[in-house]
Amino acid sequence: MSAVWGDKIKITIFGESHSDAIGIVIDNLPSGARLDIEEIRREMARRAPNGGEFSTPRKECDEVEIVSGYFDGKTTGTPLCGIIRNTNTKSKDYSLLKEVFRPGHSDYGYFIKSGGNNDYRGGGHSSGRLTAPLVFCGAICKQLLREKGISVGSHILSIANMKDSAFPININGGELEDLAREVFPLLDKSKFESMRNIIAQAREEGDSVGGTIECAVTGLQGGIGEPFFDSIESRLASLLFSVPAVKGVQFGKGYSLAEMKGSQANDPFEFVDGKVVTKTNNNGGILGGISTGMPIVFNVAIKPTASIFKEQDSINIKSKENTKLKIQGRHDSCIVVRAVPVIEAVAAIAIYDFLR
Amino acid sequence: MSAVWGDKIKITIFGESHSDAIGIVIDNLPSGARLDIEEIRREMARRAPNGGEFSTPRKECDEVEIVSGYFDGKTTGTPLCGIIRNTNTKSKDYSLLKEVFRPGHSDYGYFIKSGGNNDYRGGGHSSGRLTAPLVFCGAICKQLLREKGISVGSHILSIANMKDSAFPININGGELEDLAREVFPLLDKSKFESMRNIIAQAREEGDSVGGTIECAVTGLQGGIGEPFFDSIESRLASLLFSVPAVKGVQFGKGYSLAEMKGSQANDPFEFVDGKVVTKTNNNGGILGGISTGMPIVFNVAIKPTASIFKEQDSINIKSKENTKLKIQGRHDSCIVVRAVPVIEAVAAIAIYDFLR
Amino acid sequence: MSAVWGDKIKITIFGESHSDAIGIVIDNLPSGARLDIEEIRREMARRAPNGGEFSTPRKECDEVEIVSGYFDGKTTGTPLCGIIRNTNTKSKDYSLLKEVFRPGHSDYGYFIKSGGNNDYRGGGHSSGRLTAPLVFCGAICKQLLREKGISVGSHILSIANMKDSAFPININGGELEDLAREVFPLLDKSKFESMRNIIAQAREEGDSVGGTIECAVTGLQGGIGEPFFDSIESRLASLLFSVPAVKGVQFGKGYSLAEMKGSQANDPFEFVDGKVVTKTNNNGGILGGISTGMPIVFNVAIKPTASIFKEQDSINIKSKENTKLKIQGRHDSCIVVRAVPVIEAVAAIAIYDFLR
Amino acid sequence: MSAVWGDKIKITIFGESHSDAIGIVIDNLPSGARLDIEEIRREMARRAPNGGEFSTPRKECDEVEIVSGYFDGKTTGTPLCGIIRNTNTKSKDYSLLKEVFRPGHSDYGYFIKSGGNNDYRGGGHSSGRLTAPLVFCGAICKQLLREKGISVGSHILSIANMKDSAFPININGGELEDLAREVFPLLDKSKFESMRNIIAQAREEGDSVGGTIECAVTGLQGGIGEPFFDSIESRLASLLFSVPAVKGVQFGKGYSLAEMKGSQANDPFEFVDGKVVTKTNNNGGILGGISTGMPIVFNVAIKPTASIFKEQDSINIKSKENTKLKIQGRHDSCIVVRAVPVIEAVAAIAIYDFLR
């Protein structure tokens, strides 16, 4: 049990919301890989709070300092450590949280777990801020995957009950790469205004909304993955459920499959131009844990931001009394938008780990 | 990447559908634990095909031989290996599958992965039969959890589009243990006839149906789990998606949370009789990856059995031609019933691994 | 901490000296590898007690049943489980050992560790008998290494204070393979009679002797291994010290290097026929944890068999009194001879794990 | 295979000799542990080059910045990351080493391994400098062990062929703690002058000398460790051989045991004041991989510093020619002295990993 993940590569994350720095060590990268630092920055910027319309007014300077494993513009194959300083932290905001726990957050669990020795400021190590190093790592993995002809991209599948279309079966890598450059990626762009309004209204109410994100990976050859413990689903889900606020994961048609008949759910094989494909992709490119060569498709449920500005019922652990809590500070009213690059990042990490 | 799973305990599974035997090695069990062998047998029987109404007419003798790690009626703490002989295998049924792949199965992926050296009989190592050792291990973990006051139980949440009620917030361990003794566990038993009819009809049509299973774990103290990679969700999901046919996993209200507002989704804390509880349990007993002390609740989507008796489109990998496939043999028209003890088993394993 | 070892392959051992069976699961072998079963048998026979001159009068039937991962004469790439039944066990020999601990054995440590729940018969899981599955696995790895042009072989470097010559710098694979077919491999065969006499005398006295084994691996390319935790030395030593009775490991000139000057110890590089070699191989083919392309050379110290027939001082844990112990039964007076194939086996496993 | 080590705690090291920084992430430390930062500094200073008599004239500022996992003077239980900036690096010294390899170093192996993409400056990631983070981690583990009544200490057992006495059987923790405060720890201090002269002479000659270090751990209860892969010997050796320049490891009497008879080597048990002890400790406190409750005793062979100032034969990988190399720069003529705290550190880490 640990802050280490991976088999062929190994990633170790560290840091707290308000510690001096957060970061990641990525072990067993290939040597000699040139990194497009500018693209890494763009990925970081997609996740970073920028004070924009879909983000907290808090600005974080998510500049990554690569302190090892990188020499002459190329990876050396030794552990690559990226460090992000926590520069814009206002610790005074959090003093109350030492004894009163925020509903929907891990504050209480961490208090019990650490015997009260946790860094309670801003969620400590549980903070969504720890997804920044994951995006950094994901940006590197995306580049390494692209060299193998593999693309990762996603779109917002829903905000609250407003839904985007789902990926078509013939989604291609170029489209995914295009989506991955958008701030608010949608397949059906006509839904944008409604979604924006839902988020704006939640903000006005001091409340928050959730949503879902659909992600696809194209170009992954068949025969990758393992049955059982290291099924593609298991490995992906293990990372997807690491992302704060993810409470559900479905592959392919997911829960809809449970309502289908076998004759509908099974994806028939056929040769097309000498290549094996399936006529449908209900199983999301994975059968028995192993890739079929069709696009990997999955979606995740993101719960509404736990930090809301409405008064909530809570407890004071010191006085042992029920109490009311009204959270101050700067928080997203909908984290789905900023979660998009995080979901892509962990998908890239999980898939790359199979291929390294 | 491997057939090994676990942190504090480690389990290693082996075997193919038609190899001489399948089995499991369970490492780092506590020493001195008395095992209720009869209860283990009952759990195995819940999963085993028994020729009954909800099972394939094939009967498998799932008697586990414990060959190590068990002495004088107690565990020794050394690796406990359980072996199950494959006695009732008709290999002749599978000769065609060497070159024609069953839709919905891992046959094609495994063919690519192994360069054509896979044991194609009955799905080989990917076979659902490999869940038998998991149920064996789960039965042991359930006993070890019960000693800690923790219960695991589940019910069929839906068959096709026919739904059972969901667990109430105040589900207790006794009720879970009762459910775990039923063949077709339901909260609302009035749904039984309809579900039975759905399954019977699918069988008559040579087709199959899927469904969902809801599982709960009571008695788990707060403060267990880790943020990120070893969140309770991550660990559980990694094992749940190891179970063949599972295509979706939700914790607590799961996908419904994505449509809620934060003020609805957050579970307010309160003291009740000096104990910390939450008034609702939308998050399924897990916040930020860590247990809150409320029941752990999740559900899984099981796709319809991939083996159906209707003619399906497929390919012949040798002749490189499209072809038709009509599967012979003995298969469940709905594996949800037999999947219930498997889901409970992996839940027990995942939770016990946190507590060992 | 567990009975699982390995990174690219993973091996899990199980069993006790007197349990129903012992065995091993080898995970992540390549698919499609033909195994020479006869050669595996020969390797097993080198280790097995055969009632011969250098072995205990006890005979063990070390026939391995491969129950999974092997189909049509080839590996499938799925977990390969080999089981060895314990057929010739006389449990009555061991009843006293429940409360009186044998000096030099793990009996006392295991008693404490397991709270008295250990299988005390014949050393239980700590028994040297558990090296049989390792030899089985090593025999497979040797075959896989041979396909890559890599040979593993060893000789008895000393029995008590009688020493064989050390490997010359230009040892080659053919010589190693020849040594690996001998019962009592020596470079200087003139030492055989003296060594035999030393062992015979120890047996007559009811005592035992130890010795050292030198092992070499040829054909390993340069650039394999990692600095620090996964140095070739670390990985090899971790398995070598797993072998019961090994109490020391040296690579290259080992302890002699500590008495050399840098100008003597450093191995100068040179091109010979366009190939990089070192003029000496004091470092045993490993620098900074990484292979140089020169033969990997190391030796191990094997302590004298702990089971002797002389009366020894011990304790009775039940009566809490000092007592005398006289071990009965059938034991080797020198396990060095039978340890030779075990050392080769773990060397083959460790090196293959780097290359899989 | 990776820069990650450990089971219950997990450590990840990163950095190169001349990268911006080196460091370590320590995962799964207990929460609420107060750290004596001053003592950590003292331990770091023991290893750091200080320009003193037994060190390179190069001075490194080994100030560790703890950037996470530490709050209000206590560990939080989340990953603790310590970063050490590389401030005193003269990169110009190393330009030649891009194509000419230093004998005795990993330069050649790393060149092959990385396809020429390694950071060749000062040994890159293979540099002994990476032992600084290990000493940092060891200092923390020592403090945590001390709270459990466990002490770790060592002395220089030999420099070249000049030997110190070995630890007596009744070594105690207080003595070990005293030794751990000395710059040049010896049991027989009369050997100091001779050893100093040997080192001084090697320096004058532009050469180097090696030696051995004996280390002991007192206070470890019986019953810790595992047979086989996680024997105390295996775990310790895996870390000890991670330390650059270590080429041999012996436990207890080690290689001398190979020349003893069983009746001499076996350590007889006895009750002394109701406590189980052994009359001798030839096995170094470990039997069958498991602790006996006696002091853990082992020693390691350290080869002479590979960097010497004499001209050596080498190759130029670019021109494919044999060449001569004369190393410039600042190097220890005997690294044994500075290796002492490193050996203690990894011993502390390995033992603590069993106990966490």
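Order of writing sets the labels: A, B, C and D. Residues in every chain begin at 1.
Here, a residue touches a chain if its C-beta (ideal position, glycine included) is under 8 Å from a C-beta of that chain, and two chains touch if they have at least 3 such contacts.
Since the structure is predicted, the reported quantities are computational estimates derived from the model, not experimental observations.
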Averaged-CA centre spacing for the pair chain D and chain A, given as whole angstrom: 39
Chain A-chain B separation of Cα centroids, rounded to whole Å: 26
Per-residue multi-chain contacts in chain D, two or more chains: 1-4, 13, 78, 113, 125, 227
Graph class of chain-chain contacts, one of line, ring, star, complete, other: ring
Set of all touching chain pairs, with the criterion as stated earlier: A-B, A-D, B-C, C-D
Residues on chain C engaged by chain D in the complex (per definition of touch): 1-5, 7-8, 13, 101, 103-106, 108-114, 123, 125-126, 130, 158, 160-161, 202, 205, 207-212, 221-231, 233-235, 237-242, 244, 246-255, 257-271, 274, 276, 278-279, 283-284, 287-293, 301-308, 310, 312-315, 317, 320-322, 354
Residues of chain A that touch chain D when the two form their complex: 1-4, 10, 12-16, 19-23, 25, 27-28, 31-32, 65-72, 74-81, 83, 113-119, 124-125
